[in-house]
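Right after this note come the structures.
Shared chain: subunit A. Partners: subunit B in the first complex, subunit C in the second.
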Partner chain A sequence: MLKVVSKEVLGARLPKNIRALCVATHSQKFRTSEDKPSYHSSSNSAQYYKIPQDIRNQLFAHGGIPKSYNIQTKSFAETCLMVREPSLDIINCIKSIDYSKPVNRFVLYGKKGSGKSLALAHVVHYGLETGHLILHVPWVGQWMRYCKEYSNSELKPGNVDINLDAANWLVHFKTQNAHVLSNADLVIGQDYVWSKREKTQKGAHILELIEHGISRVKYASSCVLGLCMEIKELSKKGKCKTMVAIDGYNGFFYPKTRVYTEKKEMVPPSKVTVTEGFLEVTKFDWNNAVCVLTVDEIASAKEDQLSHMPKYLLGKEGFEHLDPFIPVAVNEYTDKEFTSCMEYYRERKWVQPAPGQDEELSFLSGSNPYKLMQICAGL
Partner chain B sequence: MLRKFNARLLQLSNNAACTQLVSKLPLCTSAPIEDANKKVVSKAMKAYLERAKEHDEFMAQKNLEFQIGKRHLANMMGENPETFTQEDVDNAISYLFPSGLFEKKARPLMKPPEEVFPQRKAAEFDLMGRPHHFLFYTGKPNFYKLLYDIVERVNECNRYEDAMNRKSIQRDPNLVLEMSGYQWLDKDALEKQCVEGINDKEYNNFKDAMERLTKLPYSYKVKDFIMEYSRPLMMQTKTHDVPELQYDKDGKAFITTYECLRKRARADVTVSSPGTGKITINGEGINYFDDIHCREQLLFPLIFTNLHKNVDVVANVEGGGPAGQAGAIRWGIAWSLRSFVDQEIVEKMRIAGLLTRDYRIRERKKPGQAGARKKFTWKKR
Partner chain C sequence: MALVKTLANLKSVQILTNKLAALSVVQQNGMSMYPPYYINPIFKKDAQVELFENGEAQKLAHIPTKAALIDQTCSIYYDDDIRLFRNYIMRSGRKSLARELLDKAFEKVKRSQLEKFHKAKTEEDKNKIVLDPREVFHMAVDNCKPVLFLTPIKRGGVKYQVPVPITEKKSQFLSMKWLIEAATDKERTVHFPEKLAYELIDASNNTGRVVKRKQDLHRQCEANRAYAHYRWS
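Presenting the complex of A and B:
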């Protein structure tokens, strides 16, 4: 209590830059006051940074932070992410990328619960900060394995639409990119004829396409497909810088889905309309963009979760589609990261301090971040 | 009131009769009694003699059969019947009649008849039917004799104490009977020793009397007597010899324990030191076990000995489920860690139950029942 009061007093009297300094020196080792990912460096490694509430609402209101972590952030009354090596590496690489060259594809891979999605969230935050247009899919498995609804496509015979999910994603896209979409240069390069009466004309702003998908849910899937194509074209022309961030990318190549035709036949992902759009934006044949993908065992069915390696998860087709890509391993906590995490939990009064606690928990969790979170969480 | 009075009268007359008898006794001494000995054999004695004879014949018969059987057995096993010992007999029986029965007493056996048939008391009275033992009419002469002896010892100690007090000699405080590591003979053993049935109340009386005797300041004087009726508590079990450490090429100390078992799981565990607390199970890390309680099983011996940062563990395990496998590895780790810690901690580990093998296995389902013990829902018809 005393601490909080003193901080407030500090905040009231001192100028902003000095205040930041004070907070930095006062704050603990496991925290950094630097909340801009572009300023994160290896000195911040294993430190937590707080995502401001407004940015969090903009980026992750419709997914992007795994559910269990989300619950924890609610308990902690703040959204903190740990700055870890994989995301730092990717951010450093993106900083030095030549955007005129073909797209670089980063693939995050690692065992279950090692923090791939949160690394992706960190990178997405960086993308927002640096003004990228963010094409972020929070979880492909949501579409392929837990889709809300499916119907045969009218515009593309033989394909299957997942319109409700697609419309949700369009809303997600719109809120995430509110800062970029105000740019008047983003115009559509071709006519889209939806039906006899409805059409979106060439030269209209890209928001019209999105709004159409949201208001006419029937065409949402096709809108997503069109949107991906348009963004690709716009990036090629240099109208925008794009960051493609897809979590559970291997879901697009895993043959067993839970999407069915009206005859209840299983549909392979290639026959789901939205897939085509996202495969298109993960090709190398465009520029002014960067792709950050994760491959995750959980995107495939339980019986096929044999390995966490990209080659296995993507399969031959997916691997060839992405080749060449930059694999980035996400490993278990190092000792430093583990201590930092425990310090954070203790600061949040989430665990009772006890002697020998860290070693025991480190052993029990195998330093796996998700397992540690589970062990420390309440019953 | 009247009845009481009558009873009193009767008592008085009885007493009078007794005194009369006693006064008469010395007059009619030896001669008539000897005559009686020759002629009169009491009915009880007669019955006893018959029973004794029968028993002796029976035992002789059984003994003969046993000897013949033993010789046959020795011939069957191709050994010399003359040197065939009881141990050989037991081995031969367990070889010829292998039995999976859990209860050892229920397995086939071949023992000398003296061990198989319960022993009987010898005659307790003479031909006249007069008991030898002065406590015969208590029904349990040996047991009450024991209590009597205890009181004798108590008195003896008290007398000695008085004598010492009179001489005002201080007791040597070092000479105290230490009974903390001992317990009294249990009821069954006492029954066997007295050859008499004893009920719980009587057994408690025995214990109380012994306690009282040992509490006396000079009870060490009757130590032999007390020790006769006490047994040492479970002695510090000699844990099997701790194996010597082995050293690999890099000079790393290691111990491998084979045949670690729990339920259906079998494991072999190698613990090596110095290490960093790394655990490898079938080539995987601790993630081999999904459940947290299985992981805790492995951690327990390491935390207990405070070596979790100093040793590496490599385990190969197969069979059974996760809980069994974890238990098997836990035992293997604890068993191997004995070589890395001192005797005191080994003893602590033993008391904590880390070195005890858990031989329990799943009990089979029984026909006519829902499970091993569970019955089907009972329905009248």
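Presenting the complex of A and C:
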């Protein structure tokens, strides 16, 4: 009987979010069948939504979902994200933004393991759905602390290139923006001279710049820099809407890096070529864009992880660079989110049901999402 | 000549039994720091409540009781066998490391079982797969428990491997010890939790090296059944 009713309800052409709500109340409360972030509302809060496999491959094939959660998605045989307050807030704000005004900067902050990166992933998914050009850096720490290779820059004397990582990022950018890059309007506004024989001419498609960086890894860092500048110009002209999403943004201001010059001197992030590009796109002096950044303790060295607050993590220079920004706190699970998470774990057979389990686990983990995940792993 | 030998044998048996009796007096509570009349603590909250309800607590109130161990908790996930196994894994008192290793092994067990679960096509196959790593562990330990073992007994200057029955406690100890030994015998690049998880799953399916070791022991016992009477004569 119920099934028949629900089918009738579905048959009637209700708005999509109401339809999703009907399905959710009929099946499980911790899941929503609505897989489009733009339709998520506060009624979906604390519910899991599934990211379709093709979108996942497009968005997060080269990073973007933290490693530990990536392993989880393999065990769960699906990629699900919880719709949580911070990402919902940001999405709602982005919906009502006036794109002709200077860029709004959102900064996600919170304690370790509270779900900043996954909130960012949710917002990035929204960006894809609404056709933004996504400038997504999966993890700045990868560049500043675990870079694969470094060399002195040829085009910018005094700077240091991290070419392998930059080339990887270009591939990431290209796969992520496959939907936008087919647009013929995206052309380069200036000549780029790489060497005597190689140059990218004004008026060429932006893809050429990216392809050049990927095929000539030697110039990848400069390509990234150029790409950022070009995107900024294109957005200003109104050729595209841009979403800048950077995870671990404070890495660009943390003085200790593991990038060295050829003389083995430590290089501050300001001297790393790619930094300049991403600092440029997080300024307020352009429009048709939105920035969503996260600041994370883990992007700095262990001895300096004293606070999770943006002011401490960004330092004076970074804070002034971003000022004014909109801070968005990512907190521990609320009770509702916690039960929803445990329901999900049980449904995925990750945890066997036991009486009194939720209460004990919430005590042990302090409702911290990452800690909860770790504790549940051995049960 | 033969008579002398049998006499000598008899004498030695007598001495042995005397010795055993003496040992049993001394070893009543092993290495325990508590006198033997101390009883084990009841540390679980619900068990204590039950004791109060049925009046047992009154009886126990004035009996000297051992202190609860540091890792005996009221958690719903407390399991005495797992606690024991964790302590067997532990080396040089690094309990947190032992706990970490065992938790990781359980995680690996769960992940590989879940993978099989999602691969299985029919509902029947899915139901067969045990997803709870703790249950896998208990099954593994049960499957590896020997029922007999060999003990060397000297008769006429020759040591015979004599099959003798085994106590529950010792057989559990051997089972756990063998599982850990199988997990430590690995290549340098493989980590302990990974190998332990592999062995646990194997043993829970009644296959693998540890179960084979048990069967080998049983076979040896079977082969040495002719010496069985040395146990008492």
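Definition applied: the second predicted complex is superposed on the first by the 351 of 379 C-alpha atoms of A that agree within 3 Å, B and C clash if a C-alpha of one lies under 4 Å from a C-alpha of the other, contacts with A are read in each partner's own complex, and residues count from 1 in each chain.
Here, contacts are C-beta pairs under 8 Å (C-beta built on N, C-alpha and C of every residue); 3 or more make two chains touch, one makes a residue touch a chain.
Predicted model, so just to flag it, every value in this text is computed and none were measured.
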Contacts of A:Glu360 with subunit B and subunit C, given as first, second, both or neither: both
Touching partner for A:Asn368 - first (subunit B), second (subunit C), both, neither: first
Partner touching more residues of subunit A, whether subunit B or subunit C: C
Residues of subunit A at both interfaces, subunit B in one complex, subunit C in the other: 356, 360
Footprint of subunit B on subunit A - complex, ascending: 111, 356, 359-360, 363-364, 366, 368, 375
Contact footprint of subunit A on subunit C as seen in their complex: 75-77, 102-104, 106-107, 110-111, 114-115, 117-118, 131-134
Touching residues (chain side subunit A, partner subunit C) in the complex: 71, 75, 77, 349-350, 352, 354-357, 360, 377-379
Residues on subunit B engaged by subunit A in the complex (per definition of touch): 277, 279, 285-287, 292, 295-296, 299, 302-303, 308-309
